[in-house]
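Dropping the structures in below, format is structure tokens.
After this come two complexes, each holding chain A, first together with chain B and then together with chain C.
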Partner chain A sequence: MSSAQETILELRQVTKRYQTRGNILGRGKKEVLALNRISLQVRAGEIFGLVGESGSGKTTAGRLIVGLEKPDEGGIFLNGQDIVGLQGKALRRYRRQVQMVFQDPYQSFNPQVSIMDSVGEPLLTQGVAKGVEREQMVLAALKEAGLSPAESYAFRFPHQLSGGQRQRVAIARAMILEPSLLVADEPTSMLDASYSAQIFDLLLGVRGRLGATVLFITHSLASARYLCDRVAVIYRGNLMEIGPAQEVIRNPRHPYTQALLDATPKFGRCEDIPRFNTLLRAERPAADSGVGCGFFRRCGLAQRARCSMEAPEFRAMGEGHLCACHYAEPGPAQADQGGECHLGA
Partner chain B sequence: MNQQAAMDLRQARRSLWRERLAEDWRVFRRNPLGRIGLTLLIMFGLMAVCSYIPPMINPMYNPMTGVDPHIMASTGPSARHWLGTDFMGRDIFAQLLAGARVAFMVGVSAAFMAVVLGTALGMTAGYMGGLTDTLLMRAADMIMVMPTLLVVLMLAALFGQLNIWTIVLMIALFRWPGVSRVVRAQTLSLKQRPFIDAARVAGASHPRIIFRHIMPNVLPLAFLYMTFRVTSAIVIEAALAFLGFGDPGTVSWGMMLQWVWKTGHMFQAMYWLLPPGLCISLITLSFYMLGRAMDEVLDPRLRDETSAG
Partner chain C sequence: MTLLDVQNLSIGYQTAEGLLQAVEGVSFSLEAGQSLGLVGESGCGKTTIGMALMGLLPPNGRITGGHVLLNGRDLRELTEEEMRQVRWKEVAMIFQAAMNALNPVQRVGDQMIEAIVEHQPVSKAQARQRVEGLYQLVGMPVERIDDYPHQYSGGMKQRAIIAMALANKPKLIIADEPTTALDVIVQDQILQETKNLQHEFNIGIIFISHDISIVAEVCQTIGVMYAGQLVEIGGAEQVFYDPRHPYTKALVASFPTLAGERKELKPIPGEPPHLINAIMGCRFCDRCPRSEAQCKLDRPAWQQVAAGHHVLCDHC
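Right, the complex of A and B next:
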């Protein structure tokens, strides 16, 4: 596929800060750096994974991309066009191309609006279809999302559906305009494992059938490996490592990615996968404000002299595999044992 | 695609709402307060509807202008006048029925206006935030601390006799702040909920978010407040009328009480004093009970929706 090389979405030096509110006197007011100069490119037609632990800024990235919030610095480009600060009509037009599935299926539906009207809302607001035509399109979308008979789901309220069903409905709502980019924010983090696999297959189907690009946000290396073509690993708003999913997960170069892999339960024949032990048990005192590596405080390999003073640059570890660590080296390719060792959730 | 399918869909949509209503009704019916309140209200409703009948039977039963030609003073109950007559020979029962009509008219329309105003302003303040919010809420505070009855009394003293609709309007204007505070608080919390973000991503404009997504979630609360507002509107109108500032062209229960008092029958004619007094107490009580019962219908639903959905 030649189109697979085209960039559909680009984040350029994106920074987002949040002001946490202190008490009445303004004491305890702190600034959280949710995203720190993140740059990455997502190619058309791929499933791109954004991996990180809780609080690493994944949802923030998703919200910036669909235009729910504005970055403090940097640019976000869809097909080469800067989308930061779009408003009104332009923003609405943009949302025909970019949609989102939210993390919590219990909170992302209006309890007073039927499934039919929730899923059909984009059709109305975008002036695509109304009346009977709209209802038929909604039913078709629900069927595509694996809810059949669709008629029996369409005329219910959200609280009459299970979490997994709601997440299917959320995918139907997001895909009803056939957007070119779907941001899926941990669509399975609130569901149990058996349901996750079905949602994953639905996402694979979305990409296969409609050729949509998917930005898949997750905290789990296992699901990233199952779904993604490429992944980016972020830690507290800092991009750590980016590359082809198989390569990054089987052969992680960054101590943080290595720590994530250590923490992932494995089963099957996994003796060949080493433990990296790169995570400090206790955090070290912070490096001097802002400079230095974002992972310094928890990194087992860090050297104070260098890592607390100098931010690491991205360096190539292999074909399209970049890593931001002073001490990462392009390691030997792992023996091909991936088929037998499985990662758990 | 075809006619049949479209029909089925319409039907399915209708049955969806029917089910929801049926469920609410079941919860409501289990509540004894609600049952009593509703029964009483239906009785008062019947009274209001029946108020048109006596004047049709005989013009002397007209509550305002009908005078029994044979009676010159207040008389007790008889076959001809079930509850007796007032000081100039007007039928008290006919007046009582007419009073029910006025009570509903005043109570419901004043409450409705107050709630519409309060909901609109509360949602606007909560959704827009910033300066709009501050200005609206300061205005609400100022109005809220004014004693409604006193202010209306002063206005009545200034402008002379007030028309019944003027009274309704003034009650509405003084009674929206309470509603708007509650609606604003609810709007503030709704605004933060993820489904609002989802609606924005679905392309919903601000008006659409307010009316399609926030309003259905505050309306039940607004309706609940409406029942309490009805109570206060009826009481205020009755008090005004009793104090002699009512609309002289209407027969309200407060007006009847004023006539009893002004003509010196306060403790001489129980058949005249008690019925309007009881009616005022019972109708306010029944709206209050209705509100409490609705509160209970609403509460589990609100609870469901905020926790598990």
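Right, the complex of A and C next:
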């Protein structure tokens, strides 16, 4: 599995800022730091999870990676090539390698376009196939996405499909150009649990059969735990913890990841799972903006003198497990309890 | 004391295609101060039950059979005016995406004061005092009373809605996916808050959700719904440790576990039946790994599998 270790996607010190609009006179404009010097590497063939709450910047990261927006600073590299400045033909070639599945299956389709034409559109715009050949490829892609018999779906319109079926169509559309990287932004957050499980299986198949790399953006530790090889946890634009999915979720070292696990609803045999209680009930007043730890205001472990003044560096907590916290310590792995404790979405 | 007793409740919607039987033969009861969770996937009828309990079914919906007894009084026999008195005062509801239920051009506090003055013989000043108390109760800063809804975060709007549901001290609250749009940390805080308030004021709660884990955090009794019917009901531990109905088993297995081997999740194949057609036998049989020829023909009967734990399945 040497190929599994090659880096396919790299973010190097990526920063993105947004301006809020302010009032009608342009007063009260604020700058929001959506991503703060994010660096990470995704390996070819893995499913990499980017986990965060709303406002964490995880969707912004996805949009930068597929080229829908540009970072203010830093570089994004696919197979070693910087994609930030791409234009024209080069950008189009890039789009063929990187595709995206969006969160809302009810808004990501044109209601007046049939499934056949929706899924087949990338083939036309990229000049890959047309006519009968195109139809054959669409049918094959629908079948691959678990919609069979494909013929019975191809000539329907989006409103005739359920949410789960639409998300399958979205994956078929994204995969029809056989991209090397699929960015999936919360593809199951609007689906019921049993349909989510179907989409997870499909994504595992996309990686397994087609050899694609998947960047899976999610708010849910449960789905990251099920689907991902490695995860990065992000909070208000700052990377907090990164490592093997099992390890980070079962033995979180960063107080923020610990707070996320505490808050995740659970059922089944969960009485052995300890609570970390790392979250402050009320936020602290802000430290001087820009310096210090991004989690300072909510963190129960923070010491003002250090955490408000000095940004924590990543330190190793275990094999490939990094954590950006001054006070995190590598500890003994939790015994393997939790095998029958189910996590909610 | 039994607060709510639902017996054999059936609810239908008149549609262009005919009568859609959204809920059929559902029975459960709730003691004062206890909590019952109704779980099931989209279209299983759980929200319809909540709306019926509030007397808020849409115009094409009606109760086609059964009884709903609140403190021994049958809600079906009340006039619209009597129902209006019951609503919010005795039964309050926290709607799905309730944060959008606030009026955007009226201060949040004023909306709550109005809701109180409408139902209680109190002055505006007294009502305002009560609203201040409610804000403290649900963990919101009192100085935010005079803000408009857009100045609140999602979590704060949801807390305001919970405060409003509590405003008239109801004995029963129906919460329909009250935390769906919120982040997990805020969700956790609101669920804990809800539990505390429930104990403090001895409120009965019916908690409706598609997410088993959320219901498990709050409720003592769990009812699992499928295609308009209750298919399993029991204590939370019984239903989640030892699910018996094949649908409940599949639903539980579609949530990942925290540790251990990455077990294959078991997606449930197929889709629920269309309720416009009359269904003779078991409604789950087409998707059930254990179904036999007879399941399609015979209406399944309730079986007791343990004390207080019942399943609607002939083969469990």
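By definition in this document, the second predicted complex is superposed on the first by the 344 of 345 C-alpha atoms of A that agree within 3 Å, B and C clash if a C-alpha of one lies under 4 Å from a C-alpha of the other, contacts with A are read in each partner's own complex, and residues count from 1 in each chain.
Rule of thumb we're sticking to: contacts are C-beta pairs under 8 Å (C-beta built on N, C-alpha and C of every residue); 3 or more make two chains touch, one makes a residue touch a chain.
What you see is a predicted model, and the numbers here were worked out from it, not measured in a lab.
Model built by superposing both complexes on chain A: chain B and chain C fit together without a clash. Contact with chain C, but none with chain B, is seen for A:249 once the two complexes are overlaid on the shared chain. In the superposed three-chain arrangement, the CA centre of chain A forms the vertex of an angle with the CA centres of chain B and chain C, and that angle is 80 degrees when rounded to a multiple of 10.
When the shared chain is aligned, chain B comes close enough to touch A:110, but chain C does not.
Once the two complexes are laid over each other on the shared chain, residue contacts for A:148 go to neither chain B nor chain C. When the two complexes are overlaid on their common chain A, residue A:273 makes contact with chain C while staying clear of chain B.
By the document's definition of touching, of the two partners only chain C reaches A:260; chain B does not. For the pair chain B and chain C, the least inter-chain C-alpha distance in the overlaid model is 15 Å.
Shared interface residues of chain A (contacting chain B in one complex, chain C in the other): none. Those residues of chain A whose C-beta lies close enough to touch chain B in the complex are 63, 66, 68, 92, 95-96, 99-100, 102, 104, 106-114, 116, 121-122, 125-126, 132, 135-136, 151, 154-159, 166, 170, 173-174. If you check the complex, the residues on chain B that touch chain A are 1, 5-6, 8-9, 12-13, 15-16, 20, 193-195, 197-205, 208, 212-213, 216-217, 304-305, 308-309.
Chain A meets chain C in the complex at residues 53-54, 162, 192-198, 200-201, 219-220, 222-223, 225-226, 246, 249-250, 259-260, 262-270, 273, 279, 334, 336-345. Taken together, the chain C residues at the contact with chain A in this complex read 41-42, 183-185, 187-189, 191, 210-214, 216-217, 236, 240-241, 250-252, 254-262, 265-268, 271.
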